[in-house]
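Take a look at these structures.
What follows is a pair of complexes built around chain A, which joins chain B in one and chain C in the other.
Now for the complex of A and B:
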């Protein structure tokens, strides 16, 4: 009886098909906070002062200047100043929680509240693995990372630019990336932000996939909109944001700050600046379309004062990450931050320590959307195959951690104490038999072998082990089934757009 | 802590040594004083430049490369150097001395990453180059206009995005079309670039970081000077 139950549970996990089901993360633990209420207020006030007195520079995008002017901000040239009342009037219109559609309805995301969503690395122009080292990324690599993402139960979203496919012409790349996300995974994906036209293409593809009405109701595309700190936004980002906001799609508004260069060296000033920039972008989205789902973003590294390179996992970054979460909660907004960051080029000890030093606070802060959760190397210049696998192990650990300590009657294991009594072991008790499979997180990559066994089996370190794991994952991968008619329509659009782009047409004349 | 030092009691060699220390410490006024003192001894402005300022900044550059100095310290040193240069520049022009070199630098169109480019500009200035920093998101037209206006020996381009890297080629082609390509040495940099890319777009060199950019520019400047002397 029991055995049959267990077997059926196994079938439920989907392991028979080789593609593990996604494991959602709802954080049951108290969040770590580093500011008291006065601290949050102090940062808020400083941001309001920055927005009112220093202002934000909006470069090369007159439509945004016009929008701000029309809604009561002071505009002069490319400078915008906005007061607290006007700003907060719009910021308040953003939802505290929202959903993002996924092709597989069970993978549709809830963003906000106590949910944490892990998404893979975004943006690197290079890939690296143990066999071939660092090299320019190709579409094949993009496909591989999409497949690995699909195969990782702790990655809830498909992400965006998993790698920059450098073998595809720049102007068409976004089409191939979107098509790969949609066909190779069934998780929620991110749209292109490299231009307003590309954002439009992303929306069109989501319309083909889900239907225009469906994505009006619930967003299907998430755009990553960066401020160009300090206190500056540019036309590309605001142009893409405008497309997404008007189409009712979602955006992460992130001031990506390397403190010391793009903000003052002190965390108080950096947080105030970050907060001002994020709220400015969020306010803009609401001015365009009230209720636009947005995520309050923070990506805070600091400069290495000796070389100018970004540093990760530093104590200052960690403090700011927690404080950012508090600010997002103060405004009732979902929060994006963190990931598995490192400046290291290979998954060595530095990479491990730095990544762990960012991932733990990311989770403990109550972060809702975690980009770069797997695969990040060399300050975001490399998507690492082995790093992806090792990071995923940590994500699994986090998924377990946030469940906290269960205090049900059975958790006190009175029957086990009665059965075993003092001085004996619990390995065979009925209570253990009921729970052993799930009681402890089961490592996928980290090895607990003793020295002799490890030596006998070839002294594989985790780097090498991870190399075998991703290869196996790619072997086990199975494409999630897709309606052939939808696939055909998507392909037709991509080919139509490709031809348009090659003919020098900037904007799609695709109906709808 | 600087103890009062009577510059007039020093030999020119000692002056240069003090100038080097002042540069290292980022003492702007002191560097200017030193330059003026040297000039008052009828030392050729070009000698003050090369044996005084440039030599002093070389130590700064080396210590930055070796991780001894912090970025803000190098910035202070570069500013002190610039102040010294401001005194020397008109005299150098008068005496017809060869200049260290002039660079127009910018981040290419579509790209707004500028921390690395600014670091390069700072180090170049520190090494005695005249730098015209165009800023971010610069079109080929802007580069061309700047080259025509400033007549630089170097064009520096920065790109951090694989999507904007190809635009460097557009700028190089525009330089060719305008007949300006042979006048300038084109140096390119940015994290996703490499030697092969620089070669493919027919730039003169790829620079991995700010220190290498300075070294490379100096190398090209020396070749130019040799050629000029030979012809």
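Now for the complex of A and C:
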């Protein structure tokens, strides 16, 4: 193990140079569960009762009311009630597993089954780093996080609203974000859900990139559709969902719940409500277009009863995360939940404890799609540069964990025991030499240095250490090549739509 | 929810005033497993082959060689080989569950089954805090950590060598540590294992405290017996184990393994070796005194192949921790492993991620006895004051997690759904008022404050926040009352032994 050899090996496989290949996660381990079959049944039954007796409020969107009425639900005003048989008839039409196209075909995703997809943080209006603290996010920040995502082998998807670029007008923001995802990364991306027209723009850009036939065959856009909990959906989200469903694109249907405020304080009721909302949205997508690929989503935190603030990494959240996975499996649907959550405002110890307390259950639950896997701070209000890098270390740890313990003949190291014998060390044994390169996960950011070395090198905490890492990653970033004609067509579309939006004109169809 | 009411409630149940009652952990959830039955069998078989063919080296302790020979093992020089039938005959005599006496009877422990016992960090020569950095530990530090342990409701046991008090001569250190445990806490404590005489002193002090008959009936001392891996035990540890076993006291038998150095680099071989070593020690205790209460121990980290440093919270360690629990269950023995491990030198984000990455598996594995549950830094070289407090927050989270999801009728909150209805919030509902006090885990150290409040209050990270907490806990500390006659007898014994040790005299029996 010469030092120079090790260094160069690290460079080849790590993120120090070039764009590392994405490392897929296929979980070989048994999933952790917290409910028995009766528990799953009890929550299912409670959801069915909520949907049939309490009902769902659909606001400002008559087309959805009409669709539900037409397919057998009871509708009165903006309220919809649906019975188990009708609901399950549609829910069962959703696929258990589906693919999402990526510009780099090796990054095309399989969503469902034993696959876990990690995607970066979604939605923060702020960014923060060690040098400049917290500030409003800009398009430049969006570009930076897109580049960091591209450079991180443990992030499988490009994500969506990495930050809200507040220097761009709200009405045209989605165009710049989509263009950034498509040109700065070659990973599968998420579409806009802020209006039906923005969803249409997302589909059009995917058509330009992949071709209309290709994305009709296999979805290229994934939309994050949130319920407006409790027991409510609005026109914006249902409108976007309708566009995606009719275009054969995919959607995550996620009740967004801070338990105790948007749901009862008890987890059983919260899970029943979450389940009712998710299935209602999934049912709607299937009514619009049977077979629409959907993900059963959960975003579930709980309120701090003292201050009213949302809490993350709590025992209640963990239990609900596992139970949600069990429910999604019960319906044979892919599951979205979790991430690297924290309430902390900087990557301090609390952020580490809370993030790991969410990420471990996320992976052990068998979650299929994980938004917010890197960068999340302050309950999702901040995309943190250093946090992104620290979270990514944990994603690397997970990629290794899910492989389980190998029990091949050579793994039992009989030659090493014979060679080394009792009382001696195994460092130089032939077995060690055969395996040391791949034996253990090698950290990229966390430091194993002892106190003396650490002191000598300036007593950097991991916040400081991560600061240097993201800067280096941005320096090393290389844009994935793109067909210039495609890039030109995308730019042309974006400028066309930007002009329409600025002129206040209605959206016109794009000939592409 | 008036603010004043909430505050006073917090004071009554939290650690702000008085000595809080210990909160037991009985895990209601299914345990997470990473091996199937064949995997457990494969590792068991490999261990049997190691014990039969490779053998265990027993250094400088002829009495153990004689004991093994007498009970059917093959002995040659200092090597011992034992076959499966002989070994398992003795291993099966160890109890699946046992009790350990505590001075406060409500703190008497049940070790085994679905119980998880948390005990503080064990063994560091250094302490560290935010104010003074790292320094050599003193008896004053030992006293401080004993007091913090007493004040933490989520620590069930007083532990052992909380720090190595380096201002006390090595030969008499154990006396001061035992006296501190017995007088400053009323929780079950660990005995000295640094020599057979020190183990005898531990037993004598337990006899003074509880009475000789009582501790013969139910063990009061727990000794941490480490193998000198690989495949080796030494006279110090076997001598102490012999004292405890003959006195009917309990022992944790722990192979101490940094995989890649003290074991092969592959986890299958490492687990087989760990299993062989643990069972060998357990077998020895049963040969000495059938029925001796023992805990199947695992301390398993892995080496950083780049630097040679030990790594914590790695995927390999996590997998091995789960597999170890499965093996202990296979033999129907209580399991010790895990803690709040980190390689970091201060409680930074890395420390948080790594600690939570060890603690979650520790609990989800169903670990019965958890040393190092609070305070561990720098791979166990430092007892950290702030780390102790931060880790304890995580222990509180675990105490809640293991309760699972309650599925009683009222947990489904039918009245709340009827009262609140779609689109409204649940904060003031009657159901919320009935449950809010106990609904969610309430944090003691982690802060849920938003950025603005946090900035206004001085931008304290959790390191800083924890600094204030441990100081307040020491201020609030109250010594548990002790019978003055017992305290006097303990002091008399300690001074008697101290005089013998200083005079270089052999240990004399204590008449008490």
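Assume the second predicted complex is superposed on the first by the 492 of 512 C-alpha atoms of A that agree within 3 Å, B and C clash if a C-alpha of one lies under 4 Å from a C-alpha of the other, contacts with A are read in each partner's own complex, and residues count from 1 in each chain.
The rule we apply is simple: a contact is a pair of C-beta atoms (placed from the backbone, for glycine too) under 8 Å apart; a residue touches a chain by one contact, two chains touch by 3 or more.
All of these numbers come straight from a predicted model, not from anything done at the bench.
J.: Does the superposition put A:303 against chain B (first), chain C (second), both, or neither?
T.: In the superposition, A:303 touches chain B and chain C alike.
J.: Which chain, chain B or chain C, is in touch with more residues of chain A?
T.: C
J.: Have a look at where A:262 lands relative to chain B and chain C in the superposition and call it first, second, both or neither.
T.: Both chain B and chain C are touched by A:262.
J.: Name the contact category of A:135: first (chain B only), second (chain C only), both, or neither.
T.: Neither partner.
J.: For A:311, select first, second, both or neither according to whether it touches chain B, chain C, the two together, or no partner.
T.: Only chain C; A:311 stays clear of chain B.
J.: Please work out whether A:401 is in contact with chain B alone, chain C alone, both, or neither, and reply first, second, both or neither.
T.: It touches chain C, and chain B stays clear.
J.: Quick check for you: in the superposed arrangement, does A:230 touch first (chain B), second (chain C), both or neither?
T.: A:230 contacts chain C only, not chain B.
J.: In the superposed arrangement, does A:507 touch chain B (first), chain C (second), both or neither?
T.: Neither partner.
J.: After superposition on the shared chain, which partner residues are touched by A:170: those of chain B (first), chain C (second), both, or neither?
T.: first
J.: Check the residue A:446 against both partner chains and state whether it touches chain B (first), chain C (second), both, or neither.
T.: Once the two structures are laid over each other on A, A:446 reaches chain C alone.
J.: Output the chain A positions appearing in both contact lists, the one against chain B and the one against chain C.
T.: Residues 59, 126, 228, 260-262, 303, 305-308, 381, which sit in both footprints.
J.: Residue numbers of chain A touching chain B in their complex, please.
T.: 59-60, 125-126, 164, 166, 170, 173, 194, 228, 234, 236, 258, 260-262, 303, 305-308, 381
J.: Could you please specify the touching residues of chain B with respect to chain A in the complex?
T.: 64, 67, 69-72, 110, 112, 115-116, 119, 137, 161-163, 166, 191-192, 209-210
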